[in-house]
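Mind having a look at this structure? Questions to follow.
Chain nomenclature is as follows: A, B, C and D, assigned in order of appearance, with residue numbering initiated at 1 for each chain independently.
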């Protein structure tokens, strides 16, 4: 079954604007409607909003937590993974997904974007970071105009064998 | 929901005897019958047998993988977590559970037993390691006579708030 | 003694241009001249060049390796740390330093920059990434014009108690 | 140089008896006398005593810390490595050594013994854990009668290429 269901990470700040929360909730809802499992860091803000959206459509929500305590998971996380490895868990969040949707976000989100790109996992962005290297723009983050487009791009890039 | 479902880890060798596989499969089956989610390291041997048993009863199976590749998960893992942190993932396997059932096992399993005991997570043993410290027996591993007893002890020790 | 010596990380690609190698070697040399210890990821490219420079001036070189094998360290690493946790070691590279100098670099370097900024560790950049968030430039990476300026800025930002 | 100097880990409780502290200090002293670098978890108890002993003979002391803060290192640690990965750092402590000397210890020490044996790194024991598996004694931990014997065994088992 691991090879059948699609796993998509939604990343963003543990605190976020109401607009970001709205985007995240729509992304979560659409992922669930299309049958994908949601992977996230399990905490508040964008993560909680995405889990809330996915839950409202009966989707699976996985929260990969940094700390030692499963009680830190937001209340919409069904599968809490307790890593105890702090922010090194950011690596596991993105590697556990086949595509990543980034919404807003601070430096933690930027580290996840970087780890995903390093691992060849596609990143779709909604109002998030943009990058340039040595003065040249780096276009690796695929921009999306809205949550449904973000989900459609993400799922189209996952080809399960 | 994180606070409702019980999460139990089954640990043991990625290669195992047919007797250990039989024990693991029964443990997995019984966990699923009693509605608990199975957490494991996601690979072969005891992990695969436990996932097979749980799947046969419609249970949830979570595999926390050491490597970079979700394809390494055994075919009964429904939720593959790709950590990329090698054997340091052993810590996450036990911390993601509320009780641990150890079946046989080699040094990797011993490390998981130790991490669980260090974290105050109860360990139930079936034909596994026994410990003594400075010549004094350490009775922290709770012995079980059979798979059903192991599951019953494990679940009785988890009190979800 | 941990509170006396200054620890500075030099980050950059494991493959790099000859210009980047030259910058890294000068940074390493200057760090050693000023008595700072060099922390890096222990591999080739920018890391090796920085270690070479530091060694030439009798400096201390620490290489925090991703894999399982100390033999992967470049030949100028005096203190190899073998983490076995893959790219999650990027977190340890920056957290083990009191300031970070980034030279060129790919997505791995970007993840280290992000982890450093998330932890409040200053980042000085030489021909490296630049960032903007939601269309607004993020000026957290402090630009330096040359290796000696990069080292001077880094050391000026470390105030050992 | 990584291939020249020998790196030996000393593991044991962050709280320990005065007898264990005395053993650890002697081990540290002897390692330094014989030119080996000391690797440990960087905290108190056995770790601090070993670092104190090594420092008294001018040895190199490396502390691989679980937390986010270099100030947690004991005052004899010269090279603090700040991992931020919690007890998963136990893996890095043993993998960064070519042999391990265990003194007393609790479950954290047991996890380090297990990770070392899993990685094929020899473990020498002074009043520490003993193991049996499925009722059969496991003799992988090499017993030593005193600190000097422990160091001699450890160094004899490291053959640098």
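In this text, a contact is a pair of C-beta atoms (placed from the backbone, for glycine too) under 8 Å apart; a residue touches a chain by one contact, two chains touch by 3 or more.
Here the structure is a predicted model, which is why all the values come from computation and not from measurement.
Trainee: With a step meaning a move to a chain it touches, how many steps does the shortest path from chain A to chain C take?
Mentor: Contact-graph shortest path, chain A to chain C, evaluates to 1.
Trainee: Among A-C, B-D or A-D, which chain pair copies the contacts of B-C, with over half of them the same by residue number?
Mentor: A-D
Trainee: Of all the other chains, whose mean CA position lies farthest from chain D?
Mentor: The chain lying farthest from chain D is A.
Trainee: Between chain A and chain B, what distance separates the C-alpha centroids? Give it in angstrom.
Mentor: Chain centroid spacing, chain A to chain B, equals 28 Å.
Trainee: Chain A to chain D: how many Å between their CA centres?
Mentor: That pair's centroid distance is 40 Å.
Trainee: Which residue numbers or ranges of chain A touch two or more of the other chains?
Mentor: Touching at least two other chains: 68, 84-88, 91-92, 119.
Trainee: Can you name the residues of chain A that touch chain D in the complex?
Mentor: Checking each residue of chain A against chain D gives 68, 84-88.
Trainee: Chain B touches which residues of chain D in the complex?
Mentor: My answer: residues 85-88, 91-92, 104-108, 110-111, 113-115, 117-119, 127-135.
Trainee: Can you check the complex and tell me which residues of chain D touch chain C?
Mentor: My answer: residues 1-3, 5, 7, 37, 60, 62-64, 68, 70-71, 73, 75-85, 88, 91-92, 95-96, 119.
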